[in-house]
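Two complexes follow with subunit A in common, the first pairing it with subunit B and the second with subunit C.
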Partner chain A sequence: MNTSYRIIPCYTGDVSGVCSALFELGGMVVIHDPSGCNSTYNTHDETRWYDHDSLIFISGLAEIDAVFGNDQKLIDDTVDAALNLHPKFITLVNSPIPYLNGTDFEAISRIIQQRTGIPTFYIPTNGMHDYVPGAGMALAEIAKRFVAEPEEKKADSVNLLGVTPLDFAADGSADALRDTVERAGFSVHTCWAMGDTLETLSHSGEASVNLAVSAIGLRTAQVLRERFGTPYVVGTPVGAFSETIFSAIRKAVETGENQFPLSERLHPTESGIFAIGEPVTMGSVLAALDLPGTVLCPLEDCEALLNPNTLSVVGEEEAESALKDANVVIADPLYRPIFPKGAKVIELPHEAFSGRCFRKTMKDLFNIDYDALRKEASL
Partner chain B sequence: MKKLAFYGKGGIGKSTTVSNLAVAFAERGLKVMQIGCDPKADSTLALRGGAALTSVLDLVRAKQPFTLEDMVRIGYKGIICVEAGGPTPGSGCAGRGIITALDKLRDYGAYDTYQPDIVLYDVLGDVVCGGFSMPMRGGYADEVYILTSGENMAIHAAANIAMALENFKDRGYAKLGGFILNRRNVKNEDAKVQELSEDFHSRVIASLPHSEIVTDAEELGKTVLEAFPVSDMAEAYRKLAAAVLGEDALC
Partner chain C sequence: MLRRLGPTVRTPETAGDPLFPQKLEFNPPVHENWNIVHIAMQIPELHQIYVCGVNCMRGVVLTAAEMAASDRFSFVLLREEDVVDGTIWEATRDGIADVLRKLPKLPPCVAVFPVCTHHFMGVDMESIYRSLEQEFPEIDFVRAWMDPIMQKHGLPPDQRLRKVMYDPLLPLPAEEKTVTLLGAEFALESDADIRRLLSKNGYALRELQDCKTYADYLHLAEGETFLVTYPGGTFGITQTAKRLNRPCLYLPMSFDYDCIAASLEELTDALHLKPLDTLEEQRQCEAALANARAVIGDTPIAIDMLFHPRPLELTKLLLRHGFRVTEVYLDAVDEAERPALDWLKANAPDLELRSIILPEQRIADRTRLEKTLAIGPKAAWFTSTPYFVNVVQGGGLWGYAGIRRLCDLLIDAYQNEKDTRDIVPRKGLGCVSCI
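Our next item is the complex of A and B:
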């Protein structure tokens, strides 16, 4: 039971991660699942569902079709919908039942692509992982398939990678991120994937640097590095830490080397100060607060982001144990049940953890007065 | 890299034939990887000279970190032996287990690291579910060979497997390379297997004699090619290897 969750929630799942990452790109996402409605993946995990059109579908997998391995219904329904809706691409997403059945999504994707002429691909989720690998794989697949060879590199231009409401939920966050980067003298070439179309993203090879602002963006950064040699920087430009990020971007341009400014913040981990959550944003918040401390990372697909300031934790018990001597904790409010008594708390609601519970108090990380936040917490 | 999958009714002699075939390829200087796709994890026994090999799924089950080398045992003539393994008998899903094991091999870079010239998938019995069709899926075997005798149940199983391949032809799966007759010396054996192959527009690429020497080698825990390298049976396996490589239509 030591990896179970009793008194705190678990994170948004991998399937929702795919939906969130691809929501604005004009593709059709088909989740092969028995769910009769889209609520789990969309209305619960997707802040844009009520305000924007989307092309997210559930296949309505029936028990008898699962037992007999009848893939034809999925194929026919997807082809039918696609020929009516003309999506820019079709993404098939796996869920626990077809995963255990061993449904061959690669082959089904090929058949659908042959019948529709629309690029079709599969994201290997299974509903048993968190949103980071789901969203990360989805954006990386877009980078592999749709980004064109650049004719030229554009100086001082930056792609922002890993921007979804799951990590940046406050209204206007994506725009604030763009503004922050542009005020520093860079041109935001694309934003993966809020506010830009698939066509815009297809020009990402022209940017001189990629900035992975969350763990979701890392896989895409690696694909673009491999395909076009574009160096990447990992970090979120928040508060005073922005200057460090911008210096890292300039250094990446000069040297062609990837930059990990969070790894350079070597602080002792015995400070009793902890931030919990997605390691890039939370590490950057700690840096913006100019606090020595440790980021507890309960998420998957973050191995490459772990550094001396980061501690990977699996399950509630491990997180609670790691926090037992904490004096200060920066985290989503729903983590409170595992905080030690007397710890000072800075609440930063995280959509991927508490969903819509704290929408009204969701903070825009790019417009926080971090000095004031420190004073508020009496640090 | 040539990837071949071998199917056929349980007990028809797949593991024995595939292991001897592996040695025949290795004798030609080819680097061979044999992957047992059966929860019993006994495909490569005759190649390992009694050495233990932990199956891929046993490593996964232990929930401890493991490496590619932990999944592999280098056997006779340098043959790279792997056993997929399976869930505890009577529980879980063996087919899903095969998928997980083959995914692990790919994820750990088994094919890139060892770079075998030939990969042999020795697959449990019939294509009973999605998991056991995994070795014939895109990215795995290029060709499927089906072992059968002239016994009706063996022919029935072989026809089922061939039918599965036909059903999946629009999915980019492996092609049917042919049938291998592993004789049981029943009546009209040649004619029955020939008819089967014609029904599927295929061919019988080899006819292996029924020989006690196979059992004798098994008792020694070795392949025929290792235990009795100068024998008619060893020669039959070498001719089968030649046929699979397209050098000889029938042996």
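Our next item is the complex of A and C:
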């Protein structure tokens, strides 16, 4: 059964994905949940919780309120907190029981917005999906609601989309990404959503191209494409693969067409080389290592990113089966129990999988010496 | 003079019932309490299986990973179609069975944790257990829950877990002069009054923390009397003792001399023991408290409810002995603490009772102008101090010896900095932590 897991963990959930994506934007996120969602998120999925005062709360939903459909408590408590804390926006997030109840979050959002005067919106999670759709929908909603019509496009300017600690947890990763892109002669206009404010993001329409560096960024790229016609590129500029990404950015600007440089890496899948995880970063890492291999994608919302080098897997059993003949595996260390004996392993801890278990040794993808890594693994 | 207090602060005088209203909840980055995964892992050889959506699963599966116990933890993910199509019974039952078949060796005991969703879908969990017991007759299935939606108007999951985790204990002949103490996550300190009193009278004390194998655990049923000291364990252990037809004494953790004396007397009378010299015990406590006060002086002290189930009794004890307790972090006042609160109303009008979870606490000022001594990790975080006593849930402190041990801990905390940033986010104090 692909729903039963013997030993490996699951990925970060959709609720945490929303919280992570919106963490730095000055809003208030309210998870309509009894308990646990906030603790799970801030313990395992959020590197910034100890040092930064982001307004993320749970409603503390009780059985009696769920059974009798008492939405008033959620409304009153949210309004009360918002009037005390003055967030720039309010986001409501769903969890399993309100999902089962069919709680009308759209209506609740409108009531809260009327009572507070603060933009309020709902992200339709339910706690049963992984972080990619959660974070992706959250950032896309920001793009729909808060990005202004540009007065002009700025040449060679790039928005970095899909940047959260869930995929880029190593200290300094977001800054390293900016540096990488700027060293190539581009101007980083905004970064969604680490290091920039909501106000900064609201100018994203001015950029000449969008770079989705993870699957999280794709929905936002599509919204910005639809709203402003901005073309996008999908890929993570790591190691030698950066040059391919930068060429794709230039081509996108010239042609106005979206670019998928990972799809152009056609390799036979029988190489025995596998990378597991978020498909954009792991596909880019394989490219940086110049290895012909297959990306096993265990995440949702990635259909548009699948290509001949990518295999979608659901659950531990399918992943273990796909890896049975692997010679080389690039993955988070918590995948080890399902690797075949004798496979060479390159460990790349991934926050959205192993949480903080390996946070102290988390690698900054933009500062890895990929040649050395390849030699280290004797490839 | 009227003081202006924000929504997150009460004084003893303004402390109503409830102490604070139930609003949105903030979760501070302090995770040293034990959760249901840590608690259940105490049973040797037990395997845990959770059945829930991915977002709920994440916290428990990584709890197991951080404590290097992934090989004793499995799960079944619920999907939308399971709840929408009405197949949640099959998804749960078949998923658990599938996990068990994949294990390299069947464990003697499996704790299954369904969730809020199972309640709301009306899933007949008992029929699932019957079916599993038929297929796996060699396994003891513990009927646990991870259903926090039930906790506002009933017992929280951890308290119910401290009952069901002892359901596999079967009635055994009582072993003479053996007492079983259960319900707390920390073994009693080596010099705790209960331990000394029993030892002095030739009694053996058994605790879950002593068990190395599942067979050891099953022998816990042999105690001729059951004891419980942690309030979160009283429901479970009282019920277990009743089922096993054993007397059970609740001897609460306390910082009140009279309460401690009453508990010791109850134990002494029940087992016909030679008593401890309580006056001498108290005299030693007074000396230890005076010594600690001399070292710590007028340093402001902050206390939290994670440190001990009776933070207000502790506050009263310290204030009575000249310490300068300025703030206590708690969100509710337990009924057992009402006398201490009454004392504080009369004697400590300026004491600040601060909420931990109200949303405004996210942006509370955590800087302190003076060196602050915190008792408990949440108080340490809220006051940004490296000087703190790192104990949760009362630790193994009990009785007069517990007060004396506390004095040692206070002095040590006052004199030696700790790395608060590194320590307090770790889960389950005392468990293995890989982070």
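Operating definition for what follows: the second predicted complex is superposed on the first by the 377 of 379 C-alpha atoms of A that agree within 3 Å, B and C clash if a C-alpha of one lies under 4 Å from a C-alpha of the other, contacts with A are read in each partner's own complex, and residues count from 1 in each chain.
Here is the rule we use: contacts are C-beta pairs under 8 Å (C-beta built on N, C-alpha and C of every residue); 3 or more make two chains touch, one makes a residue touch a chain.
None of the values given here were measured: they were computed from a predicted structure.
Residue contacts after overlaying the shared chain place A:R110 against subunit B, while subunit C stays out of touching range.
Touch criterion not met for A:A304: it reaches neither subunit B nor subunit C.
Of the two partner chains, neither subunit B nor subunit C is touched by A:A148.
In the overlay built on the shared chain, the residue A:A81 is in contact with subunit C alone; subunit B does not reach it.
When the two complexes are overlaid, the chain among subunit B and subunit C that reaches more residues of subunit A is C. In the superposed pair of complexes, A:L100 makes contact with subunit B and with subunit C alike.
Applying the stated contact rule after C-alpha superposition, one finds that A:G69 touches subunit B and leaves subunit C untouched.
Residue contacts after overlaying the shared chain place A:G355 against subunit C, while subunit B stays out of touching range.
When the two structures are aligned on the shared chain, A:A240 is found in touch with neither subunit B nor subunit C. In the superposition on the C-alpha atoms of chain A, the part of subunit A touched by subunit B in one complex and by subunit C in the other spans residues 100-101.
Across the interface of their complex, subunit A is touched by residues 93, 95-96, 99, 129-131, 133-134, 137-139, 168, 170-173 of subunit B. Residues 1, 3-16, 30, 34-40, 42-45, 49-50, 53-55, 57-64, 66, 77-78, 80-81, 84-85, 95-97, 100-101, 125-130, 315, 334, 337, 354-357, 359-360 of subunit A touch subunit C in their complex.
Taken in their complex, subunit C has these residues touching subunit A: 7, 22-27, 29, 31, 52-59, 61-62, 65-66, 70-71, 73-80, 83, 91, 94-96, 98-99, 102-103, 115-117, 119-121, 146, 148-154, 359-360, 362-363, 421, 425, 427, 434-435. Against subunit B, in their complex, subunit A makes its touches with residues 69, 100-104, 106-108, 110-111, 114.
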